[in-house]
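Two complexes come next, and they have one chain in common, chain A, joined by chain B in the first and chain C in the second.
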Partner chain A sequence: MNVDLLVQAVANGVLLAGFYALVTLGLNLLFGVLEITNFAHGDLIMMGAYATLWLNRLAGVDPIASIPMVFLILFGVGLAVYLLFFKPILKAPAHNQIALTFGLSVFLQSLALIAWGSDLRTLDIPYVSKTVSIGPVTLGYGRLIAFSIAAAFTLGFFAFLKWSKLGYAVRAVSQDPEAASLLGVNVNRIYALVSGLAAALGGVAGVLVAINLYIHPYVGVELTLKAFSVVILGGMGSYVGMLVASLVLGISESLVGALFPQGSGLAPGVAFAIIVLVLALKPEGLFRR
Partner chain B sequence: MDWKPLVAVVAILVILGGIYYIYSGREKGPESVRIGIVLPLSTASFASAGQECYRGMQMAVEEINSNGGVLGKPIELVVKDDKGDPNTAITVATDLITNEQVPIIVGFYSSTVTYATMNAIKQYQPIVFVMGASSVKVESLVGKERWFFHMHPWDYHRQGTVIDYFLHYIEPTPQKIFVAYEDGVYGSTSYSYFVNMSREVGAPWDIKGEPFKSGSSDFSAIILKAKDYDPDVFYIVGYPADYPVFFRNAKENDFNPKLIFIVAPEFPEYPKDIGDYVAGVDVWSPYLDIPQAKDFVAKFQSQYGRLPEYWAPFCYTAIKMVAQGIEKAGSLDREALISGLESVQMDSPLGPVSFKQTGNTLHQVVDKLYVVQWQGGTVVILYPDEFKTGELIYPVPTWAERGG
Partner chain C sequence: MAVAEAWLEKRAPVIWILGMAVALLPAFLGPYPARLGINVLKFIVLAISFDILARAGQMSVGHAAFYGIGAYAIAMLSVHKGVPVELGPLVGGLSAAAVAVGLGFLTLRIKGAYFSIGTLAFAEALKVIFLYARKYTFGAQGIGIEPLFGGNVLLSYACILGLVVASAAVVRLLEVTGVNYALAAIREDEDAAAMLGIDTTKYKVLAFAISASLAGAAGGFDAGYTTYVYPYEVFSVAISVAAMIMPIFGGLYTLSGPIMGAVSVYLAEEILRKWIPQGYTIVYGLVLMVSILYLPRGLRGLLLERVAPALRGREGAS
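Right after this comes the complex of A and B.
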C-alpha cells in the first residue's frame, strides 16, 4: 500500500474517532455521575436519528439545523427515563441496573419498530456527500461535519463541567454525592440533569448517524457495543481516557482494515484484542477517573 | 402485609390472559384454511425483509378471501415471529406442526435460520415453502425432499447470472474484480461460488476478496484496500444497510472503480445521491414490463405509498401458489396437497411460475435473475435481453466528474 493511502487511512481513523467520542460521551457521563451502565444508550442515539429524519421529512428542517431541537427532545426523553426507570434503581445492585437498561433497550427498539416499521431509511442531503481534497487526502463533508460537531460538543461539555456553576455541581456529585448534598447541592436534580444531558448528547450523535449512516430501529445496537469498547478501554467515567480510547480504536480499526489481509473482518476483533490486552495490564482502563 | 407484589402478579396474569384470549380467538377460526407463517418480524437486519414479505402475504390473502377463499373457506395466516434466531425458529415451527397442525408452513428468510430449522423439523416431514435461504447448504440438506418447496434462487443461480453478465455483457471484459462480502454464511458462500464458478468457466479476471462485518458504521478501510488493488469492478455482497455506508465511503475516499456492483440494489430508500450508476443483480424489479407485476406495484403503491421490495411479490406469489395448490388438491390431505402444489401453474408478478426441478431441488420457483443499474435516480433493466430497458453505462463517471 502506498504512503498516500496510509495517510488517508490515518485521516479516516481520526475522523472516525471523533464520531466514536460523541457516541460515547453520554454513556460515560451517565456512568461517571449516576454509576449506571446504560445498555440502552445506542437506542437513544437511534431515537435521535429518527427525530432528525422526521424533522427533515415533515418540517423540512436541515439535519444540522435540527441539532438544537433534537438535543431538547432527547433531553426530555432522558429526563423521563430518569424519573421512570433510573431513579427507582439508583441504590439497586449493579446487576439489577444492567437488567433494567437491557430491558429499556429492547423496549425502545420495539417501540421504534411499531411506530416507524423496520424499513431502512436514508437522508439524501446533497452537501453531506461532497468531498474536499487536502494534499493526498480526500475527506467527505459528512465525516468532517460529524467530526466538527463531535469536537464542538465534547469541548463544550468539558467547558461546562470545568467552568460553569452547574458543572461544578455535577463534578461534586460525581465525586461524592453525600458531601455534595451536605454542601447544598440538590443531588436528585443533578442526577435528572445528567440523565437528560446524556440522552441529549446521544441525540446529537443520532443526527450524525442520520446523515452518515442509515436509520433503522436497530442501528443503535452496534453503537452501544462501540461506546462500551471506548469506555472500557479509556476507563469508566474518564473523559481524557474516552478521547484517547476513541483515537486508539478509530485509528487501529482503520489501519488494521486497510493494511492486513482480511483486515476488514479482523478490525473489530483487533479492537477487542486491544481492550483485552489493556485490561489485562491495567484493569481500571487506560485512565483512572 | 405488602400487597403490591401480589397485585402486580395478578395484573400481569390478567394482561397475559387477555392477550392470549385475543390472539387464540384470532388464530383458531374453525371455518378457515390455516397457513403457518414463520418470518423474522422483529430483528435487526432481517425484520425489514420479513415485514415486506408479510405485507405481500396479506395482500394475497385479502384478494383470495374477497374472491371466496379456497375450498369455500377464507384463508387465515397463523403468524409466528422467528426473530431471525435459529432456536426461536425451531420452536415456533415445531409449534405450528405439532400444536397448530397447519397443513403447510410458508416463510423463512436467512440461510442460517432455515438450515437449523429444516434440520430440526425434517423428522415431521411437514410441507414447507421456503421464501429465502439462498445457501446451497440448505439445498443439500432438504432440496430433494418431496415436502420441501423453495422460492428464492440458490447461490449458483445468482453467481451464474453475475458471471454471465460480466463475461458477455460488459465491454471490455473486466480484468480485476474486488469482492467485498459480509462474513456470514450468505456472503462467504456467495464469494466462494463466485470464485469457483469463475474458474470453471475460465473467466479472465483476477479476483481479490475481503470479508466485512455487516452493519458496521465505516467501511473506509476495505475501500482503501480496494483502491490499492484498482479493480475494474467492485462487487459488494452485503445487506441493504451496508450499501449506503459503502457508497459514501467510496466517495469520501475518491475510489473510482469502473463499476460498483451489488446484490439486490432495489430497496425502498435507496440513496440515489451517492448510489447513481451502481449496478446489481436482483431477483425481481418493480420496473418489469409484466402486466401482473405492474398491477401488483400499483396496488402496493396505493396501499403503502412506495415501490415494493422483492420480498413483497415473492410472498404474495407464494400465498397465491399455495391457494391454487390447495384448490387443485381438493383437500388439506398431505399427499394430495403435495401433488396439488406440484401441478400449480400461474401468471404472477414474477412472470409465469410453477415448481420446477433444478439443481438438487425438486420444487424450485425462481431461477431467473435480473441485472439492473441506477441511472439518473431510476432503475434501468440490463439483463436478460427480453426485459432490457436500457444500456449499461460503463465505465461510470468518476466522483469528480459527477460534481465532487
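Right after this comes the complex of A and C.
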C-alpha cells in the first residue's frame, strides 16, 4: 500500500466529512428540538441544489454568491413545512411523523421530477476543477470550497446556539419546552425558527451539492441516508457525535473508494453498513445526548 | 362507527363472496383489465403485509427489501438450478421469512424512527449487494426467467388471487387466535405489554416473519409474471412507498382497509400515469400526507364514520 495514496484518501475524507456535517446539521437540529425525524431532509437539500442551478442559469449568479439567497428561500420553505405539516403532528405518535415526512419526501422528489426531469445536471464553474498541492497531497478547489463553507456554517451555527439570546431560547426549548414556556419563551415561534433554520442549513448543503456533485431528483435520498448514518453513529441530537461520525463516514468512504477496485461504486454502501451495524450492535450510538 | 361495523360483520360472508366475484371479473374482460387486476391484487398482498408489521408498531419504510428478496430467490434458483417458476410465491415467501427471522432478532431493540431508518437502509443496501454480486445476479442487467404457467393469464390470475385469499386468511387467523391483541398491546406501549406477560420478542419476530413472507411471495409471483427481475425495479423506493401508502390511506390495523387502499391508490396511479408519465408518484406523497393529517382511520374510517350514518339517516327519513 502506497503511503501517499493513503494520506491523499484521508485528506479527501476529511474534506468530505465537513460536507457531511453540514448535510446532517439540519436533521440533527430538528430532531433535537422538535423531536421529529425528518425523512425529507435530503430532499430539502436537493431543493437547495436546484435553486442554486436556477439562480446560475437564469441570472448568472455564481454558486458561492447565491448562498444568502438559497438560505432565505429554503428558510421560507422550512417555515411553510412547519406550519403546514410539522405543527399539526408535533404530539403525534412517532410512526405518524415518519409516514408524514416520508410522504413529504416523495412529494418533493416527484415535484422535482415534474419540474426538471430525471436528467443529471451540473454547474460548469471553471474554478471548481482547479487543484492545489500541499506536499504529497493534491486537493480539488471544489472540495476545499465545500469544506470551508460547511465549516463556516457549522461553527457559525454552534456560536449562534451558544452565545446568542435566541440560541439560548432554542436550547431551553430543546431541554424542556414547558419550563421554557413558563419562563416567557414563545415555544411555537422557536419551533418555527428551528424548522426554517434546519431547512436553510440544508439549502446551503444543497449549494455544495451543486458545486461538487450531479444534481438530480433522487440526490436527496442518498443524502438522507448518509445523514441518518451520521446521527445513528453519533447519537441522535448530539453535536459532538455528529462531528465524530461525519469524520468516520467521510474517511471510510474515501478509503473504500481508494483501496478497492470499483471502490467508488461501493462507497455509498459504507453509510448502509454503518446504519445496519450500529443498529444491530449499539443502537443508542456513540454519544448520548 | 360501531353500528356500521356490526352491520357489516353480520353480512361478512355475503360481502366476501361478492368481493371475490368482483376480484375475479377482470380476468375475463381482456388482456388490459386482466393485467390491471393482477397488479391490484399484487399490491393488496403487499398492503396487507405492511399492515401486519404496522400492527406491532413497526413502520417499514423499505418494504421493497422483502419483495426483492422473494423475486431474486426464485429468479436465481430458476436460472442456476432449474427450479420451476411456478414455485415462485413459495420460494419467495420462505426466503423472505428466513431473512426476516434473522434480522428480527437483530432489530428487536430498535424502536420507532430507528426501525424505519434501518428498513430503509436495508433495502438500499440489498440494492447495492445485488448490483455487485454479478456472478449470481448479473448485476444491473437483471435476470430474465421463464413466464409463469407458460404465460397463461388465467392461471396467473388465479395464483395471485389465491395469495390474496391466503393473506386475508392469515389476518383472520391473527384476529381469531388473539395474537392481534398482543400486537396491539406492543404497539401502544411495549414496556407495559412486557409487564403484562406478553412475550414481546416472540410476537414482534412473528409479525416480522409473516409480513416478510407475504411481501416475498408477492415478489416471487411478480418475477415469473413479468419474466424479469432487475435491482432498480424490485428494490425501488416506489414499491416501498406503495406498500406503505396503501394501508395507511385505506385504514391501518384492519383487513378491509389495506384492500380498499390498494385498489383506490393503484387505480388513481394508473390514471395519473397517463397524464404525467414522470412524477405520477406525486399522488403518493399527497395521499400519504393527507391521510396522516386528515384521515386518522383512513378511507375505511371515513366511510364508516361519515358516509354510512348519512346514508342510514336518509333511509330513516324516507
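Observations on the structure shown:
Here, the second predicted complex is superposed on the first by the 263 of 289 C-alpha atoms of A that agree within 3 Å, B and C clash if a C-alpha of one lies under 4 Å from a C-alpha of the other, contacts with A are read in each partner's own complex, and residues count from 1 in each chain.
Methods note: contacts are C-beta pairs under 8 Å (C-beta built on N, C-alpha and C of every residue); 3 or more make two chains touch, one makes a residue touch a chain.
Quantities reported herein were computed from a predicted structural model and do not represent experimental measurements.
In the superposition on chain A, A:Pro88 makes contact with chain C only, while chain B stays out of contact range. In the superposition on chain A, A:Ile232 makes contact with chain C only, while chain B stays out of contact range. When the shared chain is aligned, no partner comes close enough to touch A:Ala65: not chain B, not chain C. When the two structures are aligned on the shared chain, A:Leu223 is found in touch with chain B, with no touch to chain C.
Looking at the shared chain after the overlay, A:Ala179 reaches neither chain B nor chain C. Of the two partner chains placed by the overlay, only chain B lies in contact with A:Lys130; chain C stays clear of it. In the superposed pair of complexes, A:Ser110 makes contact with chain B and with chain C alike. In the superposition on chain A, A:Ala159 makes contact with neither chain B nor chain C. Of the two partner chains placed by the overlay, neither chain B nor chain C lies in contact with A:Ala80. Put simply, chain A uses residues 110, 113, 117-118, 221, 262, 265, 268 to touch chain B in one complex and chain C in the other. Across the complex, chain B meets chain A through its residues 41-45, 47-48, 50-51, 180, 183, 210-213, 215-222, 224-225, 227-228, 240-241, 244-245, 248-249, 251-254, 267-274, 399, 404. Here chain A touches chain C in the complex through residues 37, 39, 85, 88-89, 92, 94-100, 102-111, 113-114, 117-118, 221, 225, 228-229, 232, 262, 265-266, 268-269, 271-273, 275-276, 279-280, 283, going by the rule given at the top. In the complex of the two chains, the chain A residues touching chain B come out as 1-2, 5, 8-9, 12, 16, 19, 110, 113, 117-122, 124-126, 129-131, 133, 138-140, 142-143, 209, 212-214, 216-219, 221-223, 226, 253-258, 262-265, 267-268. On the side of chain C, the complex with chain A involves touching residues 54, 57, 59, 61, 106-107, 109-114, 116-118, 120-122, 124-125, 128-129, 131-132, 237, 241, 244-245, 248, 276, 278-282, 284-289, 291-293.
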